[in-house]
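Down below are the structures I want you to see.
Each of the two complexes below includes subunit A, the first together with subunit B, the second together with subunit C.
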Partner chain A sequence: MDHDSAPPANPPRYKLRLFITGSTPRSTAAIQNMRRICAEHLQGDYDLEVIDVYQHPDATRDYQIVATPTLVKVLPEPLRKIIGDLSDSERVLAGLNLAQEP
Partner chain B sequence: MGKQHRPIDTDLDLALPKTPTGIDGLDELTFGGLPTGRPTLMCGSAGCGKTLFGMTFLVNGARRFGEAGVFMSFEERAHDLSVNVASLGYDIDALVADGKLVIDHVHIERAEIELSGEYDLEGVFVRLNHAIDSVGAKRVVLDTIEALFGGLEDSAILRAELRRLFAWLKDKGVTAIITGERGDGQLTRYGIEEYVSDCVLLLDNRVIDQVTTRRLRVVKYRGSAHGTNEYPFLIDEEGISVLPITSAGLAHPISREAISSGVQGLDAMLGINGFFRGSSVLLSGLAGTGKSTFATAFVDAACRRGERCLFFAFEESPEQIMRNMSSVGINMQTHVDSGLLQFEAARPSLYGFEMHLARMNRDIERFDPSVVVVDPISAFRGPSAEIHATLIRLADICKSKGITAMFTSLSTANEQMNEGERSVSSLMDTWISLSDIEANGERNRVLYLLKSRGMNHSKQLREYRLTSHGVDMVDAYVGPEGVLTGTARVAQEAREREAGVVRQQAIDRRRRELARKRAAIEREVAERMSALEAEESEVAMMLEEDEARERTFIDERVRMTQLRGDGT
Partner chain C sequence: MDRSFSPPLSQAHFDDLLERLREAEETLDAIRHGEVDAVVVGGSSGQKVYTLENADRPYRVIIEQMREGAVTLSADGTILYCNERFADILGHARESLIGREVLHFVAPADTPVFAELMAHGPASGRSAELSLINADSVGVPVNFSVVDLDMGQDSARLLCGVVTDLTRSRQRSHELAAANARLAAEIDVRRRAEESLEVALDAAGMGGWDLDLAQGLIHGSKRFDEIFGREGTPGPWLVGELLARFLPEDRPAVQAGFEAARRVGSIEFELRIERLADGARRWIHVKGRVHRQQGRNGRLAGVVSDVTTRRMTEQQLRQAQKMEAIGQLTGGIAHDFNNLLMVIGGSMDMLEEHMPGDERSRRYFAAARQGVERGALLNRQLLAFSRRQDLRQEAVCIDDRVHSFQGLLERALGETITLQLVEPEARWLCTTDPHQLETAILNLAINARDAMPNGGTVSISTRRVVVDSERAQSVGAAAGNYVAVSIADTGEGMTPDVASKVFEPFFTTKAVGKGTGLGLSQVYGFVRQSDGFITIDSTPGQGTTMTLHFPLTDDPEQARAKDDAAVTLRGTGSVLVVEDDASVRDIAVRSLGDLGYTVFEASHAQSALDVVASGVGIDLVFSDVIMPGDIGGMELVQRLRRSHPAMALLLTSGYTGQAMADQPRPADVQLLAKPYTRATLSAAVDAALEKARARLRDPGKPGV
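And now, the complex of A and B:
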């Protein structure tokens, strides 16, 4: 696990993929939750792509998607998958290595 | 294990469409295969062959039934899978390239997963749907979907989603196999049998006496009759074979045709000049009594008639048998070369009985022989119930196919019957016992027919010799001291001749003695007569003397009276 990942001069740029299933309530909720977390914690320093698996079924194989919604943190390493509608912000932040110091 | 004689109503099955698995035996015992368009649960502990079953189902579908398939693996990677089944001769990569098979490895790494809020398994649905549609798959295997429980934790959501997945598979109309790891007290570790209930197959891998046997059981098959026993199955380089045994009824076709045993003298002993075609023959005997020789003579005769023979050798290698048999004038090599004779050799300890049986069944199916020899059945060691079941099934398989089967069995000297013999004796139509009798410092081989159903066979003990031109039956000597064999027979014959001479001599002697006696008596009579005559003549002399004296006395008295008379 990397703790103090990149030097402050060059903060890590997050590369995130959010896999959803059309416009189901759960998908919508996930997108909203993600937007909120990004706004609060990533200060615009991220690259989020929302992928609808119905439109791009191949992507499920490439990213090993089993459940939806799934947020995949592609960068920075290591790869993490956060499964669910992202309603539990703390778990999401833990998965993104952004857990706040208590 | 009880035999089943339940008549099975096959009409019942017409209603339920079935998808053949192409696995030898499995389609027979399920009367056609797995339920078409429904999921089947296949559970078993690790190493049971679940993945192989699934892959065989798909490969057979693609190759033989023109149905494309999807293999969704939750455990092995696609590459590992294709390497693992390559040993069965399955070229997975080629099938994938031809668009007949899709392999999707679903990888779940617990360490990289974080759960946050509610989710569904739409990802799996989409992947599966995409894979199915991409090749127009009719068959699907999910191996082992329970791995999801490890990655996503056992939650109500997951269970609900799996239930939905199986229902979705049904709607999709694909015939699916879902594999599951065997759990404690339930069929699968996470109890997914609750959701897949149309057809449940249980695979088992049991070790008894250090021998492993794989078995398969159809636990449930909704809407269809099926065999309910445990069936042994076999995985080897030729794929999977299941051995259905419920068909072991007694409705064998019966033949009245006699086929030669290959030994002239033996044919003569059997009332019909040979064995009935399709009958089972047990040949039991001590070590070195020539069981294999009789068996090969039988095979030789069959091959000469142009019949196909399958020889299961469990003690000797085919080369060894052929070499040894050439010493008794039987040339097996020509039959092997002509393709009429096939040897199948294996060490008995190599697999369990069930495996041997499954292998033999498959070999019989493939070679389609009219004569089968198993040499020897006594090589099988293990629990007697197992041996019994195995041999019964083997004998039944042969009978049901009209194959004349000869089983050899090694008996031990102190034991009248060994386990194998005891268990199969009732199944055997003809039982030939070979033994050797020790006497006068040598062993001689004798044969007798313990039983032979349906023929008026010889009840005699017969001596036989193994000569350079085969088995030679010898007329046994039956004398007052029992059956004599070998030199004892020869000696007895000489003794008989000698005794005759002795008797003749005794008679002559008696005759001479009698003559001597008569002479002696006659001599004695003569002596006594002469003594009597001597006495008689003596008495006569005395009488004469007396008379003479009397006469003289009277003369004296007369003279004296005359003298005195003058004086009166």
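And now, the complex of A and C:
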């Protein structure tokens, strides 16, 4: 699992879970888009896990995932799900409450 | 507002609902727009993932690209799907394979293996190696691995298989096995070569060695370690460790040899070591050559052998040759000297009758006579050394002889020295001259006494010795059985240098005037002439043992000669004197004339034969053995014996040993040693005439 986080003394602000299905085209696109957004906007202040639902089908139950790819923002609250390959950066940033920031 | 349809909603609740609605709409939107490629469906048997159109394309590509055959089979083994590679392996078109039973392609021998593979098994998969028959009816070895695909309870059973072509890997293992076999065979050949080399080296008494110049380590064979006397510590030698085994004075030569080997490419030397195990000094011969490794001199390899025995043999041989040469020289001088003494002594015999009677003249005359006698004694010793004395050999028991003159020995040794006679195991007989033997033992005992000025013990012992051919060669004698008599002292001993010279005439360590230097030479000549040999075992400070070896005999009757009386006998008859030296002949003629014989003379054998043929009537021919001309003394007497059997014959020589070896002397012809006196001459002539007369009386009895 990915864990590009800051030192443990200072818990990261964003806790993100990306659900994908193996190397399907949307899943691979979602992974690439997520990496780009994290690098551009979150400055390392995040904890991202990419979960392959083929490998862990039961992991979808906790967050009621109905389709992949789906990004789940666990923290900060409220919990928010963004469906799709995350190619619409504005929609993703809005979902992460980052839209207003310049 | 219609209250009945509008229960009061908190702002938060409203926001939450709004959010959920937005999320549901977004989800539907995303699905509708194809932004997702899988949906997750919760059911009684857990969450299931359904991929949408084209979502499995990457997997298809992977499966089609990979170099393994992939196949999906129904429970009864029908091919439902296969990739291009699987079709390649079988050599059929893919289209013709779908729908056919895979068992059709399995080699008949492998059908049980395949059946087991197809049976229900663990979900983790299983595999087996088997052969598939391709379109050309050729068996293709493959690894077939299958896994059950769980499609849920209501779906038919499916199996996924991966087929790996093992042809190349099999081929490679065959090649590898062949290469291994070749290597094993080569190793075997090399090991055998090494073994036979080791056996051959061992048979030659050689050790093999290999020096790594860079590491300074020497690997040696077992024999190599033995030669250097290292026991129980296998492994390589350090160069320094090996160098330390060489004697300090030889080490620079060893180092120089190895230095030179780097330049000239080979090494060979013969130097001394001190053996590790027992400290013994040994001569070793080292020979080797440089191996060139990657253009530089990396290693030296070669052989080593212990050549101590060979060197000792060579040394003994050189010693024997030297003694032989000295013997020849001494014998030659003694021969001429003898003739001179004959002339002087004979002339004095003549003069004696005409001597003036005054005391002074008589004294001078006696001194001269004594000088001749001493000269004759010296000459006898020289002749003894050069092995040219006339030995009277018979079967002798050395111990009996030693006991019979024990008293004399004890007197000679004096009071400070104890004589010890060791009782032998048996009373062996050997062939030698008993009187000379006594003289030799007495001589050695006196030498032993002189080596112990402060007293000690002389011990005399005899034993039987078997001499093998190798030892016989080194001592210059025949192989066989010998009786050895050892005279051992507890005296000051000798250095090897002195020991190598003691038998040379006139070599003496005694003060001037105390010894002639001929005693041991005489012993040496006597033993050699008896077909024996002498060994010396001496250590400075620990004493000397001289051992005389005589050929063992079983025949106690081997007597050859007996003593003659020494009384002047006047006689009658005619004597022919044959002698090339005019002075000596003159003496003999006058002496015989004085004794009453009618004397004729001849200067060589042919003229003697002429005199005999003239019919003057000769009773006795008295001839020198060695004379110039075609006919020697020996042949002369042999011819006369045949032509005139009744004629008495007598030979004389100052040089008997060699002449006797060259030509056998007729058994009944006596030999009178020069220089002879008138008394010994008269006795010999009288005995010869008497023998001839006896033969005439009883012709059947051979003369003795």
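Assume the second predicted complex is superposed on the first by the 87 of 102 C-alpha atoms of A that agree within 3 Å, B and C clash if a C-alpha of one lies under 4 Å from a C-alpha of the other, contacts with A are read in each partner's own complex, and residues count from 1 in each chain.
The rule we apply is simple: a residue touches a chain if its C-beta (ideal position, glycine included) is under 8 Å from a C-beta of that chain, and two chains touch if they have at least 3 such contacts.
None of the values given here were measured: they were computed from a predicted structure.
Visitor: Using the superposition on chain A described above, determine whether A:26 touches subunit B (first), subunit C (second), both, or neither.
Guide: Both: A:26 reaches subunit B and subunit C.
Visitor: If we overlay the two complexes on their shared chain A, which of subunit B and subunit C does A:92 touch? Say first, second, both or neither.
Guide: In the superposition, A:92 contacts subunit B only.
Visitor: For A:44 in the superposed arrangement: first (subunit B), second (subunit C), both or neither?
Guide: Once the two structures are laid over each other on A, A:44 reaches no partner at all.
Visitor: Determine, under the contact definition given at the top, whether A:66 touches first (subunit B), second (subunit C), both, or neither.
Guide: Touch partners of A:66: subunit B and subunit C.
Visitor: Determine, under the contact definition given at the top, whether A:53 touches first (subunit B), second (subunit C), both, or neither.
Guide: In the superposition, A:53 contacts both subunit B and subunit C.
Visitor: With both structures superposed, pick whichever of subunit B and subunit C touches the larger number of subunit A residues.
Guide: Between subunit B and subunit C, the winner on subunit A residue contacts is B.
Visitor: Across the two complexes, what residues of subunit A are contacted by subunit B and by subunit C?
Guide: Residues common to the subunit A contacts of subunit C and of subunit B are 21, 26, 53-54, 57-58, 60-61, 65-70, 78, 80-85, listed in rising order.
Visitor: Over in the complex, which subunit A residues touch subunit B? Could you list them?
Guide: Contacts found on subunit A: 19, 21, 26, 29-30, 33, 53-54, 57-58, 60-61, 64-70, 78-89, 91-92, 94-95.
Visitor: Under the definition above, what is the set of subunit C residues touching subunit A in their complex?
Guide: 19, 23, 26-27, 30-31, 35-40, 42, 46-49, 51, 54-59
Visitor: Which residues, counting only subunit A, touch subunit C once they are in their complex?
Guide: Per the stated touch rule, the residues are 21-27, 53-54, 57-58, 60-61, 65-70, 78, 80-85.
Visitor: Taking the touch rule as given, give the residues of subunit B at its contact with subunit A in the complex, in rising order.
Guide: 104, 106-108, 112-124, 126-127, 129-130, 148, 151-152
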